[in-house]
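The two complexes that follow have chain A in common; it is paired with chain B in the first and with chain C in the second.
Right, the complex of A and B next:
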């Protein structure tokens, strides 16, 4: 109680531009330092671990393509989360919408695969996947708009149903999605016409470019279109929206459906590339949940999500390979992701508040740097 | 510090000229990021005296008051109590020196009783509340200063004037010798203001000191023994002597130039009916918010709706603007029915609406001036901001909006400039030319200079033939602008009078619900 000084948080009237850039960067750095301390305490060399992760994630020939390949789905779930978050709609069920996108994409691939040529098939698989993702959020969107039901609860609970659905379609005997005549239950491979070829000898697919273009396009939509204008009015002042005759209900449904479609699209990219079938392993990968962190790190900026998505993908590929190359547990990568989120959210305080050291019992407050 | 300092001493007053200061501040300077809020300010108040701090919004009077009660600490300068230097490190420290502030926005717990609120924060309470004893103690303090309150009443049931009295009793109960009253009359009707002034006299008679903070010239002249005028953080003048100050002179010290808030009325005959309201009723959650309201507003006419806040003004405005559907009755604008057709339809019929709540309803705080101009207009699928920019620049010039250009964010505008942006958008017409302007409390919280501009803009709009419905709690404003005055009380129109023949007492009584006469 009687410390010689205390920290005072003073609200900033505006955030200096340099802080807007510095805070996320410093948050990542702080998370790495905190992770390093943890590594050191558990008997691993932080420098060795990090340099392995860096080279495996970004600087080796297969590392960077693996990272960009993985970032495809992560950017997708990132923009999905951010698109809803920017209107204060907390769709945290991107994970479930991703499953449904995968189910839908796999169905479209299996059903139309032999009847349609590849240049038609790929868009069909992606669109059906997106539609299924949108469908999975339709009910939460509708009850949120009409009754104000918390979308946090509804979208999260539907994720568990989505996971059960994936398991049902794989483990049920005679399932349409299940590969016949295999000892271990697994999904049936879609025909070649429903799959893209990877870029050269890599795990990266052309869908990466589609997704980055999509992120930039959405960035433009938010900033330049009437739809984006509406989103900004509603998220900032719902009463101003009502005053101007802008329907928050309709826009809520639209924004949530688009968010769900983007997650679904992410699931479908795993069908046209990477997996090529409905894989029950998806339910433990957490790509949809990662999108929440990626969106938060990019502060819901659609274009910045390309960067945070690639960063995250790098951490994951680097972390995954650690276990193979060294005996470091795979969970180091996961722990670092968590640390980055915590530090990024904590860093927000520095963007909005100025921290001052105040000497007790003096009339003059001494300003001090943060 | 004293570029326009004027000392108009009018002889000794009742407290005696040589009495030592109960509280004095010397060379006070306080800086906020980018703003010099107080620059070398001197201020003092004697026992038994009312000393007013007069100034526009942002002049630094609230900052000074905050330092006098311990809420802020000065960057430099000294504060002395009865001549001895003190450090007021917190409001509690201020209280321990007998200094208390009554804030403009009350800090009362609505679900508690008066007595519970009064003793809240006292450190000498026993673990079990002895209500009867508390009630007696609070009633005793209240009676001593002629402040009638019922200690066992629930604060949530009290009127605004009564709540203010509770705040004052609370300060006195806590042992305040010096009371800082921050814009105390802003929320009161004329009768309550009179009552407040009686209370102030009762307190000064027992030797209490009152620091009265205000920007309303008339009441300042009436209540003050001395006046200190602040402008841009500096003292621009001292005036002493109750009732002797000249409002023109005070206004000049306050604004830095001569201002004109003269009465303005329609200069020419009014035209057709633009707004027609018939038997309008609105029931919300079983409560009649508006009952059976009928009136018209004509071209070139300004009709004022007077009333104490919360008597249905906001709902009336929202219903006319199409934001709320009435339970029964109808609204037509320019001869076409607009009931139940929504805000965009109402605007297409020529409505413009300046809501009371500027930032958050009228304007989107996080958006630029330019984007805010687009709020009530037709927007293309891809918003073409470039084509609106010249108009935005033109409006910024025309309405003398202080901004760095069309990209200036609404939330970074001062209250007066935000209001000008709102008026600029609404008066310049969007979907169609404006025929009917509904304005709510257009000058609330603005400084005198901005009030002058806003009133001139409204008068210009009237002269241009627009029909104006002015809804305001500021009775002075309605009395000096409106051609016709309607008084809204509990959702009904209880009084109607022509602007030029309106009597302050009659209208004030009607606002307080004392009028038996119910007109249509």
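Right, the complex of A and C next:
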């Protein structure tokens, strides 16, 4: 193909501060324009669609609480992913660790039943969920640290096993997790003491505040503690870390286990709020996978994940509600959500690389020289 | 504050009702015979919530046909909400629909029941209709949240139908078609609806082929072409030569055709999916129910009963048997169909034994609706466990 010019991508040595702000903003703008063209071409009003998406996701009273409610689990899976990613440990099995968190949380809720009061029960459910998430990643963490086995493969494969476990616990006759009386197989409801009340007449639970505090705390851990410093050194230069006497093996296991625990915690928040039972429907919601995108949008910054998690939740809430508030089919809402995320992530390329237009003369000159 | 909004909403609803009635009066003044003109355009906001998409050629597709028919009959547009998972999260969808002023909401999956009931409590003026549901399941005894049956919101109704009637008839076709007396059944979940269907099919099979057996394979999914095909292939490998199904895809039919076996479909007339295997299929006709219910809501009432359609009222139908069904079987099917419709025959008429040979329905006795809706045993001739 003979174009009069070509584009060359050159890696930047450092990113101008201006770009760090401009790129995400322009990416979202570009996504909105591209989606708008698509909407217009398919016969829907871009303005009406976007204003509905915005108000349904952020600016209506049920919209914002639905969004914050959904963001609770997404912030959890977001910080879970980012915590591992920042040390170049690609735990992409947050989805599976979330299932295990749900299983563990539901077990704790059912087992301790009415034996413990609510103020003890809720932390117990959350902690058991987190512990189960951590256990689910223990094997990948160990073999990654000891043998260098790719955690991408192991954590992903364990997700499928986790999904099968959820189904097994629901559909197996006489399962501990299964409601005994119902005709349709479904999870047994945990007692009231293991469940939080939503905030007023909303779908938002107090766990939202817990996870935002947790995200800020982790931001502090990463930036200000010796543990965080160790992570930085290992990810920047494993060799330097070794010289400094930092055990990469031990830190690898610790970081991955914490990442798994955070995903598990996300699963447990679904037990104390929203679901209150092991629900097979959870395996198709993709909250764990969403965490990967949310971490990437926030460039693994723990505090920024609060923002990207809420944005993602708002897009999803607004996008899902589109088919009711307007006449756009569900697929358009899903498509717009995808487009905005894709552009936002694609914009990263411009932050990291300088794009230069290389004129055709140079190219022909090169061709002639050969 | 909350009270104020409730009051305001009631006032608004009341004023709407008044204007609606006023409109009705004036139109009947101007047009002389009201019943000869078709309902031009009913003033009602109706919505239907689908688990999947309307072109699945199965459960949702068949509801969509009913919705299309109702739209045509009433001259209205009905809101579709697609791809809504039937778990606790679906509450948001019902809440939003109620908030947007939809007066009647149809929910076409079993799992919508509990979330829908929650929204029904908060929105007493919205009429909720739960397909395949049973109010008993919303009570404490049934695993739900309401203390007693009477506490279940009065603006919630359920609708379903006696698929077992058509299942029985399809069993006659299958029982005549099998060469080795071994039949297979790809089934979704071990719940009464599915168990009842398997039993009715088996009774139909054994009415013409008394020693035949029906082997059940559970998939734990309503709509999963891959899993359903695998289950079908496993059954076919074990030697069955006729397959029936309680699934929303045509995958079992495709699998049957590939090895020259015969197939009984479900939900809609799906003969084109596997024409060399298709015998017949129990199908649904939801249109009349949707039209009737929407009309009632437009007139200000919410049918809150547990509607159970049948072949007699046309909600349950049997697809025309294909040419693979012999003339003898066709005659038997139409005779039994006539008997079911006039009420002289019901599939679950004793003596019926369960798998262990224990009598569950005494000779001459007919199972009542309660027994049908809570059926949890397999009848004689079924191979497999009714517990999944």
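As a convention for this text, the second predicted complex is superposed on the first by the 335 of 370 C-alpha atoms of A that agree within 3 Å, B and C clash if a C-alpha of one lies under 4 Å from a C-alpha of the other, contacts with A are read in each partner's own complex, and residues count from 1 in each chain.
Quick note on the criterion: contacts are C-beta pairs under 8 Å (C-beta built on N, C-alpha and C of every residue); 3 or more make two chains touch, one makes a residue touch a chain.
Note that the structure is a prediction, hence the values are computed from the model and not measured.
Residue contacts after overlaying the shared chain place A:236 against chain B, while chain C stays out of touching range. Of the two partner chains placed around the shared chain by superposition, neither chain B nor chain C is touched by A:47.
Of the two partners chain B and chain C, it is C that touches the larger number of chain A residues. When the shared chain is aligned, chain B comes close enough to touch A:226, but chain C does not. When the two complexes are overlaid on their common chain A, residue A:274 makes contact with chain C while staying clear of chain B. Of the two partner chains placed by superposition, only chain B is touched by A:245; chain C is not.
When both complexes are overlaid on chain A, the residue A:160 reaches neither chain B nor chain C.
Those residues of chain B lying in contact with chain A across their complex are 33-34, 73-76, 87, 89, 321-323, 342-344, 347, 353, 355, 357, 359-367, 371, 374-376, 379-383, 412.
Across the complex, chain C is touched by residues 62, 66, 167, 171-174, 179-186, 201, 203, 274-276, 279, 281-282, 284-285, 320-321, 323-325, 329-330 of chain A.
Of all residues in chain C, only 2, 47, 79-83, 85-89, 91-93, 95-97, 99-100, 110-111, 122, 134, 137, 141-143, 189-192, 220, 374, 376, 385, 387-388 touch chain A in the complex they form. Considering their complex, residues 13-14, 224-229, 232-233, 236-237, 239-240, 242-245, 360-365 of chain A touch chain B.
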